[in-house]
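Note that the chains are named A, B, C and D in the order they appear, and that numbering of residues resets to 1 at the start of each chain.
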């Protein structure tokens, strides 16, 4: 997935001179975890790859200012937890500019951030709930290479600030073919597996885990539909609602903190769209409301795994209940 | 021909300061939420006068409307922005006092949080630097704002990238009630900037000529690729922090001593001494502008409310302008 | 309400030497909007009232450090929007300390912040959703003087970081009698008005507005129960659930941004506690997902008003529906 | 009696540096996520040695475990913390590498975010100052961390409040791949601190005696109520930023030149010259400690996992300690 993201940035930079990339170690080093591999050679000389000091607020603050002045910045913030250092320029202000100027001014800006449990053993917090609370901020999170390419192109083309979350367990996974022609839009979920017995909604690492769970469920005769939100904001509640309405049960599988985050917002949007009552039960499978523990066994217990998804899906699916 | 029409530098600046003062004082009378800028006019007029159209202006919130006026803004429309009424440039959506004319060449505040606009200004400078063309940014901030972490980060980044930007610390000696010489530990902002590799200069912030000349020198450096500079302009906030500030934290002697150094009176005296103005002409002109702006602001205050429908999204694509005209 | 808060701080400081108060203009100035009135005279000489530069991250950062070293700091952050500058020390880290040290170390810290529409005409954003997303952070928001006193005492006594939100439309309202003996606990909602036809849940300014709406509704024969959450974290979902279950309908009235905030988290917690289905319909009355507009008329339209609450309650209440 | 047993200052520091190196090198072998501190031992040993029990230690992450060892931590338990296994002081909940011994007198990192621990250290200093008693805080941070806004804010606040704290910039010349002399625009951190009113000194960070003496002078100032000081200790990160760092951003000549200035070898030479040690004794001692720590770390690596149940709340009252013992 990492290479698809870098390819999307490289393709966009080749097309549009107003794009620059700033981040710590994005220069000759090639980016943290290879996040800028090859870009220095292509664009470094033109001053379009900028190695930054440890000054996250100013990295994002200057990007907001550059975007208002006509550039299209991409900031590689390394890890999502560092987003907490940038909430004033990025979310409170940068994301309010289009609204506050009545569209006279916009902030086309992409902020990349790695998150999630993974080989790195640290920096796993995704702080998605924090991000989602701010109006005007878009959030994308791919679960595979083609989506990653398409979402990154869409994020760069967007007139709004977009946080682009890169899950560390997916970045350097098995090689995937990338369809660069896919029309991927921000705010559009994708049904990754059709099914009729229940709907599983997920993002990031929870998507492949849910797909694996769905294959196990199929062996037991339960056909789960798996919806990948792909964007947390805007959140494609229509897609989820249609699916859950059809299958009759919804399981939300989430890796990030459970309070006031993606799971809560999903159920709230479903209720808002349905006149206040849902015609299907909702189950949420997510971590307890604590930071992510460090010990490998604790971390594994904290994040929903395939077996837990299978179990929760069986408990949630009316199909199973009927046959019991 | 007197200073009222002629375009000697000092005459131009004096008129700009009179305009700033007149708008400011009218707002003091009509708007309980106004932050008076009286006494600081020489800093923002000197720092922002005579720039190129493609330069980016990023004033401190105190004086922001004056800088908009300097750029040719219509005072009636500015006032509408301050009151949030129908003619507000933002349709009433946002505060025109601290964000009068946001655009690709004018930086404002997009929340009530101080400090970030300095980073936005540096970002604009990065954008200009990449575009080439020798344009620059002037970024002003208060003595209190100077202590915000994002300002320190930005000064370092601007120095490291040698951005075309002129920082101006508009030191009115207070952040609300806290004295600058207490809050800013050490020898002051100019020393701080120097330690960051930014050439810095101390100027008398009540002397518009001194401020302008320092700005010109810094601007020449920036346009020539010499990177950022900082001007520390010492001035004084003659009024309270906001309307009805009890001002228990300072003495009336101090306030009076600085009142005697009013930058407008000082410029006017210099014009009189140079024979470009008589005291009577000056007084008359000032009276007239005060009356004119009083009229404009009083009218703006009673304008129709915005009455705009509330959109159901804050995304750019949902704003009227983009919906009407497609992507900008 | 402002005086009750200051009294709570003064009483606590008189009791416990380890408490200090830091904030901009909290010294001889008396605090922004009189938030520290009289404290300078009582505690200033002892160095317990500290006027701070504009350095919010360090104000909170030093407070977290002082709390770990044995002090009990109170930081007056002036306005809630400035909380966005402090998310790393306050929320990502300070709120994780008890968990991450397995209770060896705690961060007893209160951060005060004014928010909400009001006479100030600015600084209204409450950023509650942002705060709620972090595990380990408590959030209190009183709607009246007695609760304010009790909640502030509880916040100061708590071993966790607590954000104490002070609504600017309530701070300098009509004089109220303060019951300093009230046992107010963090995380405990209060039924401010009993009723049997529907439940209205609110906090801050939305509480008096809901109470006014309830009086109007009573004239039309609809008896609304009004629940004041008082704390957003922990959120007393049991109280809400019990009430809504009993009345048969729930109306959530919220002033803050609608995405991933208190309204979303409330419905999510209700669903989690009810096995995935609710036996009452839920209506949410809250602002559109945009920043708070500035123009007085726009602001009034943006924030739920009494009439809107009455209307929403009528639409939500089964009692009304039946008589229709 | 040789340096191995005696307690001359230099002998004590040398042994502490050997201990640090031995733990560090064992971790390099057994932990792919370790951040090697080789070459920087003189900074953290010199800065943190010989403090009072009631002083607060706030080391930079690189060297944090060594500072815990200096305070008497059990290396086996430290290693358990690093691996997150059953004997971890946090029960495996948190990273023992960057937060080895958090407590009222030891500051660690509570996320992966750099910079905040400097503010926590200053907060501890505020707490100590209020309590009286002459204790102080030593707060170390990297050259890269020095550019974080919260560090700038904290230095100013510490100076304004005259807090009893000694700041130590552990300048290993890189923040991952970015050179300190690029990222830190201007004349360096000592000049920055001076501009903030903080007495500052430059020391050779590979000379443990020089670091210690600078620390002692600064500590005396702090204990006497003279406020904060800063020590800029120039050293070199002899290893990569992390294990498997490709190190494409520097030359092997540079690395070799600094390897010749290894602070351990330097201290050992000085001990030999002073007749406190023979080269053979030194070599033998080092070998022994390396072997001992290798053993401890290798054992820790294979320890049982934490296996603690996951609590359903992060609030203090839900943690085991408080549940068992009531409010601390």
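Keep this in mind: contacts are C-beta pairs under 8 Å (C-beta built on N, C-alpha and C of every residue); 3 or more make two chains touch, one makes a residue touch a chain.
Only a predicted model underlies this, so the values are computations on that prediction, with no experimental measurement involved.
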item: Between C-D and A-D, the pair joined by more C-beta contacts; value: C-D
item: Relative to chain A, chain with the most remote C-alpha centre; value: B
item: Where chain A and chain D are represented by their mean Cα positions, the distance between them in whole Å; value: 36
item: Whole-Å separation of chain centres (CA-atom averages), chain B against chain D; value: 45
item: Centroid distance [mean C-alpha coordinates] between chain C and chain A, Å; value: 30
item: Centroid spacing, where centroids are CA-atom means, of chain C and chain D in whole angstrom; value: 40
item: Contacts with two or more other chains, residues of chain C listed in rising order; value: 52-53, 55, 57-58, 81, 84-85, 88, 92, 96, 99-100, 125, 135-136, 289-291
item: Shared-contact residues (touching 2 or more other chains) in chain D; value: 90-91, 93-94, 111, 113, 115, 147-150, 153, 156-157, 160, 182-184, 311, 313-314
item: Chain B - residues contacting chain C, complex; value: 33, 84-85, 88, 90-95, 111-115, 144-145, 147-149, 175-178, 182-184, 246, 248-249, 305-308, 310-314
item: Contact set on chain A toward chain B in their complex; value: 20, 47-48, 50, 52-53, 55, 57-71, 73, 88-89, 92-106, 135-136, 138, 158-160, 234
item: Residue ranges of chain B touching chain D (in the complex, touch as defined); value: 147-153, 156-157, 159-160, 182-187, 191-192, 194-198
item: Footprint of chain C on chain A - complex, ascending; value: 81, 84-85, 87-88, 91-92, 96, 99-100, 125, 127-130, 132-136, 233, 257, 259-265, 267-268, 271-272, 275-278, 281-284, 289-291, 316
item: Sites on chain B touched by chain A in the complex; value: 56, 89-91, 93-94, 99, 102-105, 107, 109-111, 113, 115-116, 118-128, 130-131, 149-150, 153-154, 156-157, 160-161, 311, 313-317, 319-323, 327-328
